[in-house]
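Common to both upcoming complexes is chain A, partnered first by chain B, then by chain C.
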Partner chain A sequence: MKTESVKGTFLKKLETKSMFKLTRLKEFLLLLLHYKVSCIGLCIVMGIIILAIFAPIIAPKHYAEIDVPNKLQPPSLAHPFGTDALGRDIFSRVVYGAQIALWVGLLVVLVEASIGISLGIIAGYFNGKIDKIISASADIVWSFPTVVLALGVVMVLGPGITQVVIAIAVTSWPGFTRITRAKVQSMVNREFVLAARAIGESDLNIMLRYLLPNITSTILVLATLTLPSAIISTTALSFLGFGAQPPTPDWGAMLSEGASQLVIAPWVATFPGIFIVITALGFNLLGDGLRDLLDPKLKI
Partner chain B sequence: MSALLRYSVKRVLIGIPVILFVSLFIFLLMQMLPGDPIKLIAGERVTPERIEELRRSWGLDQPVYIQYFYWLSHVMTGDFGYSYVTRLPVSLLIWSRLPYTIQLTFTALVLSYVFGIPIGVVAALKRGTAVDNITIGVATFFYSMPTYWLGLILMLTFGLYLRWFPISGSSSLESMVLPLLTLTLPYVAMSARIVRTEMLEVLTEDYVRTAWAKGLPSRRVILRHALRNALIPLTVMFFLDLPWIIGGAVIVESIFAWPGMGSLLYKSILKQDYPVVQALVLVITILTVVCNILGDIVSAFLDPRIRVEKEA
Partner chain C sequence: MDAPLLVVKDLKTYFYLSKGVLKAVDGVSLTINKNQVFCLVGETGCGKSVTALSITRLIFYPGKIVGGSIIYEGKDLLKLPENEMRKIRGKEIAMIFQSPMKSLNPVFNIGYQISEAPIVHFNLKHGEAWKQAIELIGKVKMPDPEMRAKSYPHVLSGGMRQRSMIAMMISCEPKLLIADEPTTALDVTVQAQIMDLLLDIKRRSSMSIMLITHNFGLVAERGDEVAVMYSGKVVEGGSVKDVFNEPLHPYTQGLLRCIPVGFERKTEIDYIPGTLSSPINPPVGCRFHPRCKYATEKCIKEEPKLMEIKKNHIVACHLCGG
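Then we have the complex of A and B:
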């Protein structure tokens, strides 16, 4: 692979330049920063994370602070992104929104990954009947259109962010299962697994201590690339009014509030949208970069 | 051919329990709904006797599994019951909406391939150059863009400021432009990305190198040898994407008031019109399962290795 050779020469250059040996993490971060794509991605992601952590310091106002006399003000020095129909500062709401977006996105990926990976390892490790059952159910669930099914679930459980997280995670775990299963299957007959079996390690131990550590890089790539679509799906449901409820500064909910004032106050819908795009773009670029570095042959 | 036929039959046979499972799942989902459907049908001011009578006439006094088989046998004949809100047969509602959704989604999918494939091929051939970087950058940008925001932005610029196209309804061909554009752009980006990756992989294969070595004209190598094989995953994606686009159409149709199944689903959820929601979710998921089966069969037809592998 081309990426491998580029990676190799870059590492050699690094080693000759630096007097001391680099730790693996430092080496990895330097590599990430060396490539334009992953560097831009990493910067965006770090920016959004900083925005989320320091939201109370960065945001000039609280996200729910209503100021009706100043409603629907265009962007100005006092309100860089303008104000919405209740006079709330959109910049502050967007900044606090980063917390919601990241938190919800991470939660979806976490639930999805834990279901998907455990089933994937089990299916890949035990061939035969168990594999067939798990693969078949993964195929079935994979074929459900997420948004449509999530709408059904939300109708039963009522609107809310937790329901949305459940609905989306429950319908999209097979992505993790498929890739984990394929990876495990390619490793299950390798010497280190056979050796572990020979010294009498239990199946559970082999799965957790031998197989799982060997697929972490793939999981990292997959999780990074799943996060943006999780954010987009959850904000889509909030946009339709089934996710986060007011006054939560969810980007999708803010967009739908702004949609009705598109003509008189286009900034209300524009800025939350820009932040959804930037966040998704950042994670997609970072994920692409991570894939090129860690697992160039992975197809997602 | 016989191997393909056997594989197809097997795939279809697996599909039947899947569809049954889906129907059971959706039925149970609707059973878990809060509230009593009778209250929705009858309204608030009715006598207990009337409620009992209605319960019996709607079959709601039977055990759940009997209700399921009853419902299933009706669904199989295309009878989805009546809408709580409009009192019209649900099948009638769906049939009147279906052509609009198919018109929109099918055109979007075809257009996204018409534009996505050449873009992906060019990017792959110019790998590492500015053309490739810009193409992939723009593609990732559109790929990261949520459809509802793209829809609003297009509505704002082309509908409200420039006034080139109407922003809602389905009265003319022009009113289809904006919803179509909203659905198509992210899929152009996606198919371009897929074609690029596939082409890059195929271009390094031995048979492509052989074709170059034989001195074949580059157009022939690229189109006949490389692209043909690179397109296999995309052909399968066509079937797998169709239901996803329909799911995406829920949002786009609602924004642009396009009278398809998506906007019907959205409105029915808001109005708690359960029979309509139930039928729509069922129709869309069955469509998905059917498309998956078709996708599998087509990929087996195009790539003989799959047939053999799955047979074993």
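Then we have the complex of A and C:
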């Protein structure tokens, strides 16, 4: 309960300092910045987002610009991260890679969450047969190793980023389903749901207007924590050559290109690798911070 | 006299548990007249709430309504398809629950929640419904309705939450309001206020109230008709005056004896010996016989039927003229 008092006093200080009433969003953001863990996470995530949005401005060169005479240059002022086997500027490629990593990560989470949450709510709301069928299929999908199953899906659909998104989303929705189902089940017998039924709400309305809003905080945290694993899974598939095709600057593909030159030119694989780690770390820290903040037991 | 508003006949609601069939409601018959306060009393676990939930068909797995009929304005509610039933819930028959603490959705403000039912039933626009909600909040006598409409349930007191719940349930002007122990979780002064409010609304909008309660004082003061339930069955029913002045069933007599009277100094409050028999394995014969001091051979063997002893006073006991 120490956190509670810290949160409270911090907010009081803020209120007196600023002399105006904080809006809820502002209050939330300030709290998020107040904690070291979530602050670092938020900064990293914001940094990556800025990189992705302003990639054309930040990157000194286009990601596909080939400059063979300058191949495998070590990091220098002209090429901060060095150049790869075709003389392409690695810094520019890493910056453009942020676009792909974020885009793919968000898309995977979006698809995964919409499949997972809708199945989870249905399973939790309707007990009995429907629940058993959905839970059993979730268990079956969950027991497959994600990357291997995704490999199979990519084999069928062919390589490419869209296919990777589909492959990963199709194989990892049970995480969302399980948590949503558990949350909904704990709520469906609460009296406010019964009251909703008593005023004549339809099942769909109860699911969307009563149950879903009550689990948003959980879903938000879960989505933030799923994003890094989605990014890692896509890079893994790209590393294996099933994801982004050249010259797309995907971090995973860059890793695999650099892997063969790891001894003579370590910078080719190192920098994309570092960015994968930092991005994953940033989202994980932010997710942890969000979880602490949105925990109803720690409400101010 | 007008035709009754709601007639429940031989209602049977069973719960199919792994231990056996729990007969929560086993052949209950009730008649609720228009513009009346009908009280349902009995000890915990005798099937009062299940009866109420059965009327709105809010019984879920593993429970099931297995028999009987509920006639409301000429329609048998048990035979209506689910989407027809949904139109009745909230609009015709509304229900207030025991714990106002848990009956409101924690993530929406109460104005939104109160405007929900009119939107569902009358296709009102959000703006109109919101205005109506503010009006309703005023009607349930909460101060500063416009500000209150924007409050979330967790900032309201228990009494205010129950008032919001009432506002939510009367928003479509139902003809029957089922109040399932509406005052249990509240303290005594608030209890009185809430009951006054309910009766005031009843008077103004001519609806009937089915009041489920443990509180005999409340029944005596505010009730018109009363039915006493024991172990899933109605054992005595009639006008409040008759039942209170001349309780015929030994169980009703016992219950009334349990009420402490203010000016008497007693070291011990009367009670009915024994506990409620298990509804999974009810005793044969009269279900009350293990606890009844007048029990005879006949009570152990044969189940008494409800009989009209005099006009508008029914009782199920072998000792009363049976």
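We adopt the following convention: the second predicted complex is superposed on the first by the 278 of 300 C-alpha atoms of A that agree within 3 Å, B and C clash if a C-alpha of one lies under 4 Å from a C-alpha of the other, contacts with A are read in each partner's own complex, and residues count from 1 in each chain.
Heads up, the rule we're going with is that a residue touches a chain if its C-beta (ideal position, glycine included) is under 8 Å from a C-beta of that chain, and two chains touch if they have at least 3 such contacts.
Keep in mind that this is a model prediction, so the values were computed, not measured.
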item	value
Which superposed partner A:Phe239 touches (first chain B, second chain C, both, neither)	first
First, second, both or neither for A:Val153, with chain B first and chain C second	first
Greater residue coverage of chain A in the superposed arrangement, chain B or chain C	B
Partner chain(s) touched by A:Asn205 [first = chain B, second = chain C, both, neither]	second
Which of chain B and chain C A:Ala196 touches, first, second, both or neither	second
Which superposed partner A:Ala259 touches (first chain B, second chain C, both, neither)	first
Partner chain(s) touched by A:Leu30 [first = chain B, second = chain C, both, neither]	neither
Which of chain B and chain C A:Asn127 touches, first, second, both or neither	second
Of all residues in chain A, those that touch chain B in their complex	136, 139-140, 143-149, 151-156, 158, 228, 232, 235-236, 239-242, 252, 255, 258-259, 262-263, 266, 269-270, 273, 276-277, 280-281, 284-285, 288, 299
Contacting residues of chain A [partner chain C, same complex]	127-128, 190-192, 194-202, 205, 209-210, 213-214, 216
Chain C to chain A touching residues, read off their complex	56, 58, 60-61, 83, 86-91, 94-95, 97-99, 102-108, 116-117, 120-121, 165, 168-169, 171-172
Chain B - residues contacting chain A, complex	14, 18, 21-22, 26, 29-30, 32-34, 140-141, 143-149, 152-153, 155-156, 160, 197, 243-244, 246-248, 250-251, 254-255, 265-266, 269-270, 272, 274, 277, 280-281, 284-285, 288-289, 292
